[in-house]
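Order of writing sets the labels: A, B, C and D. Residues in every chain begin at 1.
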Amino acid sequence: MSGNTFGKSFTVTTFGESHGLALGAIVDGCPPGIELSEADLQADLDRRKPGTSRYTTQRREPDQVKILSGVFEGKTTGTPIGLLVENTDQRSKDYSNIAETFRPAHADYAYNHKYGFRDYRGGGRSSARETAMRVAAGAIAKKVLAQKGIQIRGYLSQLGPIKIEQFDWQEVHNNPFFCPDVSKVAEMEDYMTALRKEGNSVGAKISVVASGLFPGLGEPIFDRLDADLAHALMSINAVKGVEIGDGFEVVEQKGTEHRDEMTPDGFLSNHAGGVLGGISTGQDIIAHIALKPTSSMVIPGRSIDTHGNEIEVVTKGRHDPCVGIRATPIAEAMMAIVLADHWLRHRGQNADVHCSTPVIPAQATAGE
Amino acid sequence: MSGNTFGKSFTVTTFGESHGLALGAIVDGCPPGIELSEADLQADLDRRKPGTSRYTTQRREPDQVKILSGVFEGKTTGTPIGLLVENTDQRSKDYSNIAETFRPAHADYAYNHKYGFRDYRGGGRSSARETAMRVAAGAIAKKVLAQKGIQIRGYLSQLGPIKIEQFDWQEVHNNPFFCPDVSKVAEMEDYMTALRKEGNSVGAKISVVASGLFPGLGEPIFDRLDADLAHALMSINAVKGVEIGDGFEVVEQKGTEHRDEMTPDGFLSNHAGGVLGGISTGQDIIAHIALKPTSSMVIPGRSIDTHGNEIEVVTKGRHDPCVGIRATPIAEAMMAIVLADHWLRHRGQNADVHCSTPVIPAQATAGE
Amino acid sequence: MSGNTFGKSFTVTTFGESHGLALGAIVDGCPPGIELSEADLQADLDRRKPGTSRYTTQRREPDQVKILSGVFEGKTTGTPIGLLVENTDQRSKDYSNIAETFRPAHADYAYNHKYGFRDYRGGGRSSARETAMRVAAGAIAKKVLAQKGIQIRGYLSQLGPIKIEQFDWQEVHNNPFFCPDVSKVAEMEDYMTALRKEGNSVGAKISVVASGLFPGLGEPIFDRLDADLAHALMSINAVKGVEIGDGFEVVEQKGTEHRDEMTPDGFLSNHAGGVLGGISTGQDIIAHIALKPTSSMVIPGRSIDTHGNEIEVVTKGRHDPCVGIRATPIAEAMMAIVLADHWLRHRGQNADVHCSTPVIPAQATAGE
Amino acid sequence: MSGNTFGKSFTVTTFGESHGLALGAIVDGCPPGIELSEADLQADLDRRKPGTSRYTTQRREPDQVKILSGVFEGKTTGTPIGLLVENTDQRSKDYSNIAETFRPAHADYAYNHKYGFRDYRGGGRSSARETAMRVAAGAIAKKVLAQKGIQIRGYLSQLGPIKIEQFDWQEVHNNPFFCPDVSKVAEMEDYMTALRKEGNSVGAKISVVASGLFPGLGEPIFDRLDADLAHALMSINAVKGVEIGDGFEVVEQKGTEHRDEMTPDGFLSNHAGGVLGGISTGQDIIAHIALKPTSSMVIPGRSIDTHGNEIEVVTKGRHDPCVGIRATPIAEAMMAIVLADHWLRHRGQNADVHCSTPVIPAQATAGE
């Protein structure tokens, strides 16, 4: 029970259903004195917002965030920050037909058994709409990290069968896919257009990178930095896999190939993805996630109704054919929340530590 | 700080260094009245124990566990269960040469920067020896789950380049690799023998399966069952990736391929790995993890010492050339702890729930 | 940090400042299927509401609560319940004169040192206005407990020097003091009128009683029922003391006097206040709290300003001369939250327990 | 469930029954680099140890503590500290006669209903013997606080009807009662001798003081310093009341009497007990607790057995006629744990805060 809070020192608690009155969050533990305005949050919310291109859901939500507390005269006060986004484009009638049916690959059936019934409008609490509040909270976390020189950035690394080959951080902002490889954008557009015609959906892979780290962040044993990242990233709707650094490639690697050797001039590689023993090495922290194809689609599927009868389901309404496309800011937000939380935890315990060993430079991120 | 506790209702807190006096754990929240003896725990500890085949470290630890509290007249009392394993084969001198050096791909460098210094003997707290206590605690979690008819089993699905092709749960117990494919065992033996001669190490992939589930286990939003599993499994030493169900294969899947259709007679597939919206569907819960090659090896590597000078490191001592081999019981233990924790949480909130929808049968596990 | 959440299974997280845009709370972990409407919450909010008699602050806040999520078709869904109360009567100008002064016995000085600055309007986060959200959340907790037959009621047991002597639960609702002794009401009115003329304030004692309990609620060791109650009640603004059962009277009691003997027909007394070893006995749980006189008053006091200069402070604005008067519903709310939390925790661990010992009747509450 | 952990940043988890093999604790979150030895812990354990005077139980336990992890080369490493105290003087046969009876005012009846059965030997988990581990953990917390110049001291302020009148911290160590008033010691000795002859028991009041504080420690809203102290102190066996500063005296105080005025030269009084709005003012933090008379006594009492039959109970065995006598080091330990926890939490969030207001001196402690 009560699984709607993330973090120990910098905590985020969210509420809200897809078609309820509003979504909200409480960010608790933010240090005082940080300049913060609604515009800081809105920038990231706008990146996640639906309806901005024809490759995402056509639901139109302004996702206008209000800061209700915790900020005074433009600065955080150290007290909890209340956030609110009102739902405006709810069209609940779109969903009335699914009140008594379970859509295959949706949370419908599991929710019904857990709670005895469910708010079926747009998936209720299981809707990805909930991630708007994560993005808002993540924007606050990014400001906490910026004070320490840590930056979080993400990108789309694969859209269905299309993998990126070139890399330019600047390009990420220039297309609706968050794709860093300009040479693949046209291919992605064509793919998505065909997919939409087909009425089908597809998966995607997103990568997130934290740079500007120092060695020593993270806690043994269960709250390792990579374990908390895995928790945070796997909690995003539709995610089915999480990798740190080389991820599943390590299965076939030998030790001599995998180990990141060190010299006084810096690390010679970053297979570990910036984390060893659960603690940051000072190199970039790199994570990859796999997002499944959305299960809402117009191609009929076999299912059952709430009485157990066999039915055929067609999901109308307005849906993302590739939920991965809008997931980049969400993944950034979750990584930011994890790192801000660990930064505050770390400082509490280790503020007095002096290490005589020099810090060696990080190896440049693979993508850069 | 204080990252050595896992779970919310069924909690496991561990302590202990590789070469300290003892390892220990406190399991808090175990329901009363469950029959429990040291033999129940020892069985799983023996499966993880080092020195049982020539493919693992030759350190010889009996790993004899003592139950110090929480059990009375053969049954759990509902109060915390104290567990202790004394270290007997410590040979700390093997490690004196690494007191002032950092081994590449070890936690040494990160720990030193975090804490200012470190217990360098055998990796101290960062040693995989700590996982003995997880296995002991996991054995208790398995007993909690057994009361509800839930069973946890794991196996080696890939050793370096060698993937399993056939599957028989019975075979898992018949070889030192936890390999369910008897036709691959000889190949694995030859591979490991060559690897040891070469002085190198290699990665592995482990799979864990929970069966006997019911629909409705898990909590939105941050404590989804898959998110907590990702947390638990990524917290195991050397793990760099976690997948639920089809994992990274979903990136290239289309919605029609991925979705697990339902009929009154049962699910038609289990691509989701038994979890939708973070909540169990009643199908088998399937997770896969990637373990990196151990970084302790006799092939020299470039590194620095604690003063920042360039050095060459050779790790002598007794090490596992493939840490994945002994990881199967550890992965089982972590999945068991997550599910036991969620079962108790679920029961607290939802004990009164009655769902009128019939439970449909799970599809058989792919491996079976 | 992040101290704005209470509870483990039934959790309440609040935000909001006295003169910010709104107050809010997230109640997480409420079981599904409980009938709940805004009217259920409003009833208790109206009991705490300022401006209802001339013995409380003249600030006029409708304290109209909105449920933003977690309720569908009149029933709780099991997902987090978002609550919002907008601030309407803010008159921030009343407080501009205290921006650079510290009021003696207020949190001003401590907040400034903790956070470097503070939202000085009406005390900001330290204002008792925050307790409105506790009352709203407590009303939900009361509904959870009502399902189990547990009822929470409070009353004023002492106002400054005036102690109650007679007891009638019905009278509690018939006067603005929550006083169960009708014979003392006129005396209290006179006392408060004189106090207001004097420009002074006074303390009070509030008592809270839970009835309908069963034996076995509560957790050893740190989360004893009485320890969690002490935590919850001492967290209410102005509370300086908490007693369970006979409280400080036990210091002079002998064992033969204090012990509550048992017979098959029931307990013979309830000195323990319904809790032994931190666990409920099935008798009424009785707690008393001491509330200090409010420090906001028009009689000048010596203090310093934010630069450390000596000043004289007079607190204008609208204040309660006895904050204890409005504290009864707050104390009820906190006790309800603790018991609801423990009830869900208890059920998670002990749902299977069968005890062969018969439950003996509770002794009637002293007051009844 | 799982209520055996206290603290958020500096956490203490304990296990162990009165007559089990051992008691133990894990202290997690202790900063690295603090000098720590078993002797540091033993000093406080010896102060709590039974059998040291004829006014306490005659059970003889050496309470020899072992540090099993988390300390390397004489310093804390930042990893969890495992503590163990073996039980040696168990004489379980003394308790066999109470296996099927419930002692009035004991936890027996409540435990049986909670768990279905209980470890009846010496009270099992409900025994005050568990507090030995709190004292050991508290000794570590004291070392953390000493680094910041904070000191924790306690004393007996009342034994049954005998109240202290004079105060000298030095005297506290010179008598078996922790009594700061040398003129009352003989009276206490006579009282206790008579009480023992009578076969009865009596209550006591203990006071604890933290000095060397700074303004700004503590968290709104639920984790106020005083709320966490109330939680910690009420969790000690036999405690029925907690006061901060003037405690229940505030009920009859007027605002002008209670408020602690400030001048540039310091506070003029300390009625608040060093906490305002849940946050430290820099003055001494003062708490008082009421301990009930122990319920184990040889004077027969009415009760029931596990089948519900009427019986008469006489508690033989070795018991403290006044559990308050040995409670001083326990109360100190709990206050130390709360303050160490808050100090680390505070530093995590507020390490960057600069406050331009000067810190004014604290008023001397009332007792000094």
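Convention: a residue touches a chain if its C-beta (ideal position, glycine included) is under 8 Å from a C-beta of that chain, and two chains touch if they have at least 3 such contacts.
Computed from a predicted structure; not experimentally measured.
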* State the pair with the higher C-beta contact count; candidates are A-D and A-B. => A-B
* What is the chain whose Cα centroid lies farthest from the Cα centroid of chain A? -> D
* Asked: chain A to chain B: how many Å between their CA centres?
  -> 25
* Asked: In whole angstrom, what separates the CA-based centres of chain B and chain D?
  -> 39
* **Between chain D and chain A, distance of the C-alpha-averaged centres to the nearest whole Å** => 45
* Asked: Do you know which chain A residues sit against two or more other chains?
  -> 1-5, 8-9, 14, 29, 32-33, 78-79, 114-117, 125, 220, 344-346, 348-350, 353
* Footprint of chain C on chain D - complex, ascending -> 1-6, 14, 102, 104-107, 109-117, 125-126, 130, 158, 160-161, 195, 200-205, 214-224, 226-235, 237, 239-264, 268, 272-273, 275-282, 290-295, 297, 299, 301-304, 306-310, 345-346, 348-350, 353-360
* Sort out for me which residues of chain A touch chain D in the complex. => 8-9, 29-33, 78-79, 147, 220, 344-353
* Which residues of chain A touch chain C in their complex? -> 1-5, 7-11, 13-17, 20-24, 26, 28-29, 32-33, 66, 68-70, 72, 75, 77-82, 84, 114-119, 124-125, 344, 348
